[in-house]
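In what comes next, subunit A is part of two complexes: it sits with subunit B in the first one and with subunit C in the second one.
So, the complex of A and B:
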């Protein structure tokens, strides 16, 4: 018992000694919680080099476009996208590997909120960028179109995709058919893609991405690959029920 | 043009609504003998304008009145009916909603004793979207909306000619702005109530738009024998400017979105597109362009991404 009390005291003291995070430019009262829960109380700087672009108002709260570009930081091992005021705050985790730390996609917004991207550099520091998106809300608690009309069963896991020239490199855009149910709509359990990976014919790993419930229905992702891949790209993924995604995206014929 | 805009600005300030008593200060303006417009602000839905951004109208025939659109709220419908009564003691014969959007029919409550007319597709759309519109309008304009309950049109109207009290009215069933766009031409005066198909000095709204179909409808409108065009949003014109402006903007929007999708742009990159000169002075920029892209770009993007890939 004494040992337990001792350990407990040690843990509490350890917690108390963790430096508080720097004050949030958005003044969100939720920021200390977000920092503790998703960034492990690790060192954080608010950094303009992490660009997060989204419209000021969510015209469609079920598909709010967000673009993240952390390439000004140099090498980035991981990017986490967080929405403070969503009932499910973590939208995705992105491991850029050979791809640039740049991605764009759409997410569900429950109410006006800071939308943040935290990019982790090799020194273990999280660099945070963000923008405020206002909205009429409700994006996380409404069924998607293909859930409402039942058509999702006919398209589950289908992939559309194409490589585009992007400067001297390639951009991949893919759309993956999936209802991406949040589990917050009555009677519809959480059902969402939870992992995607991308490699080329030579086996180069471009990126791995962990996706969560707030990613929009039938998500569209843009990835900047940084280089031209060797041959075709192979996208592999999985949802939380074990359904697999597997698609090959060929180079565009000139 | 600058003088015109200045004049318009001063006029709109004069129209400034008085929030304390929720008086829209509706002032019918005669466009021709017996044909009136009640002009809304050339702006977005805002508490400052009580969400009154639509041009409604009415035609006084020898037998009674045809009302065209009923505005954004119960208060608007009541004040519109009172304004008509100040001009004529004749009864109201028909209330028309030109499409399913909220400011075309949220004043229907003030005419519940008569029942409004709309195209059958519009009636269905009003029923389907009514609750969502209520949420949005109350959120945007607060107490201006007091006691407003979405009241869809109860009577179906068809395209064709309508002889009423010595006037010949032509109703056209077009589409593109919404699936069912009603247009009314008063053959006697040449006043065309173009509904949502023609905007003027304001970015078109597109939540239910189909651009190629809309462009075809504009060609049909342009061929009509009109003298004055009343767009639902933007200044009334004694020319075809609302039609040509809307056509020009929609063509530019269509080409811009197609080009962006072909180049692999993501939505936020499309939103950063500079708006070219002829449209830069339009009202409700950049908000309405943001909505246009949000509504329409996914279709262009899906087309550019091609057919589903076979499994790897």
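So, the complex of A and C:
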């Protein structure tokens, strides 16, 4: 009898996992794979409250600006940004802590593709928003500027940052000098920042970001901090070769 | 306070023991010290910190070796098929092998399946003198640690390949790089530096292998201060190396080289690490009268203190680039003395007391040596042939080129980087030797950061029509060459010997060979498809003895070879690991 109960449970669990995801508004044939690989086949809803804003056409496929805003959902534990038709689909994922679940940055686009952000709420449901970006191609497989001139060695890990007010919120924009090599250019191994953590003087964590190869060379990130933090902010991180990032961003004098 | 420390030490040891049950064994200092006695793994460069490259395994032996067949081969892939000089290390069913351009592969030993790889992102301006090679990694705890061509040390998690720590050793733009395998001795990570052709400062460094933090640093040039590092990482003076200007007048010693580019060996009984030091810079010896300590020497360093306990200089005031970093391999005599053997670039084989450095024996291991007629065993100094020193350019009318001489060995050496092996069974060293000479002359030179600092011109000459390379079985006590196996191209890979009575080595022509350790008779060979310039290893797993070799032609010979090119320019590049075992029908 006990064995029977066990096997029943197994079948039920198995069925739940095998349930196909809701159909993709973009009609991407890759969507079921993306769902399985990056969202663990967990429950998904397409939800307009997750805003993904990017240009309709990527003028520069190596630096496509995108902003992700999941703040309309309320509390969000994790946001994953995915590009279906990139050779490396996962661009980054971030964990909003004291910062709001909002992040703007630039990424590399290999060809026209849905660009999606999946935000996970406390009930374990992924809320998906997205936009379609067209592109002329090649963003992930062309060498970047700093590696053509070799200057990346001199600037590696340097950070520039500035805090400013934006409406009712305080924003921080940082640029981290890094070639962000995808490993898809012949003879150049993958070399990219893989982890960033933003904190304030008191040690309060604002946001953690796991970055991957498709984030643009010399990445720029804009954070939405909510109320302006007192004192300085600290950005710490590292790349897949173990090079460290450690920068302090001071308040601007009025 | 003491109590608290004790308690935390206790907690740490309990945790370590606990972790031991969960993880696939943390590699301890004791395991590394016992490496030569434990054939189930290969934990260190040299197959034991003494560097004997001797295995107690007997399954593959003079009778069975004919049935040795390949099990798997893994290609390093990509377009980076340059010289592969790496010795694999093996633990817990995983092989860790470095490859050209600062890459490292973790491979399942059973299947040859790649578990992960690490590709170091190199800057464009790296300046390795002699191909983009690497000689291997060190294992410690859960880490695999190796040096890169841009002079950094990288420690990776053995399971995941993720970087745990990374340290910059020095400025690659000044010519520093790392090519040697680090070693672990007394729980410390010991490394040298490469870059002797760029006027760098040679040194030996000890680090905490868990964090990469510095423990001590010992420069190899007299006049430089050594340092220890306190808990905050601040340097504390630890005594100068030698005495300023004692053997090296003026200030040329400041950019004097004496690099430690082949790494070192360690003998747990003497507590000493042995590092060979390279040539003094620049090559033109007339610019630096004196012995130029501690270039072209063996340095014995107390691992606990970072102090030089003894030194023996093989080529005082070197003028031929007899870059004597060659490995010092310790062994025990029948009467219990601990001696060390070194087959030097300069063509002589030296035997020193490993505790005191006293010269015990010295004899030629190549047939033609022009620069000295012998080594005086009483004084320990070479009997120089003054006429064979390349001339002083400042003594000529236009000052541009000194008198040229023909010198043997060539600067590529009677033996170069390829490590020899020692068998306690036969009492013989198996030395991959080369017979060649060179035309060499001096030219004016001044130091410029990051520029080649030679002050000499040269061209390599062959001596014999039928061979350059010769694997020689050398008796360190009598100086007798017991047997030799000639090879058309110069030998550039290392040697392995086993209790099964075998000597394994590879040739640039692509043959991995097994010889009878007593007679030198060739018993087996296998063509790996590209040249071999790396040392073989053997280990046992699940009752089966395996032999592994990294293949991939390259290194210094194709870059500097002169007349030798005729014998090697038909060789094709590659980059693979090959593993063999006995065939059972």
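FYI, the second predicted complex is superposed on the first by the 237 of 254 C-alpha atoms of A that agree within 3 Å, B and C clash if a C-alpha of one lies under 4 Å from a C-alpha of the other, contacts with A are read in each partner's own complex, and residues count from 1 in each chain.
The rule we apply is simple: a contact is a pair of C-beta atoms (placed from the backbone, for glycine too) under 8 Å apart; a residue touches a chain by one contact, two chains touch by 3 or more.
The structure displayed is predicted, hence computed values, not measured ones.
In the superposed model, more residues of subunit A are touched by B than by the other of subunit B and subunit C. Once chain A of one complex is fitted onto chain A of the other, the partner contacts of A:60 are limited to subunit B, with no touch recorded for subunit C.
Of the two partner chains placed around the shared chain by superposition, subunit C is the only one that A:191 touches, whereas subunit B remains out of contact. When the shared chain is aligned, subunit B comes close enough to touch A:249, but subunit C does not.
Once chain A of one complex is fitted onto chain A of the other, the partner contacts of A:153 are limited to subunit C, with no touch recorded for subunit B. Considering their complex, residues 53-55, 57, 59-60, 63, 65-67, 104, 106, 136, 155, 158-162, 164-166, 171, 173-175, 177, 220, 222, 234-236, 246-249 of subunit A touch subunit B.
Across the complex, subunit C meets subunit A through its residues 78-80, 103, 119-121, 123-125, 154, 162-166.
The touching residues of subunit B, when paired with subunit A in their complex, are 135-136, 139, 263-264, 266-269, 271, 287, 290-291, 294-295, 298, 301-302, 304-312. Interface residues of subunit A facing subunit C in the complex, by the touch rule stated above, are 150, 152-153, 179, 181, 183, 186-191, 238, 240-243.
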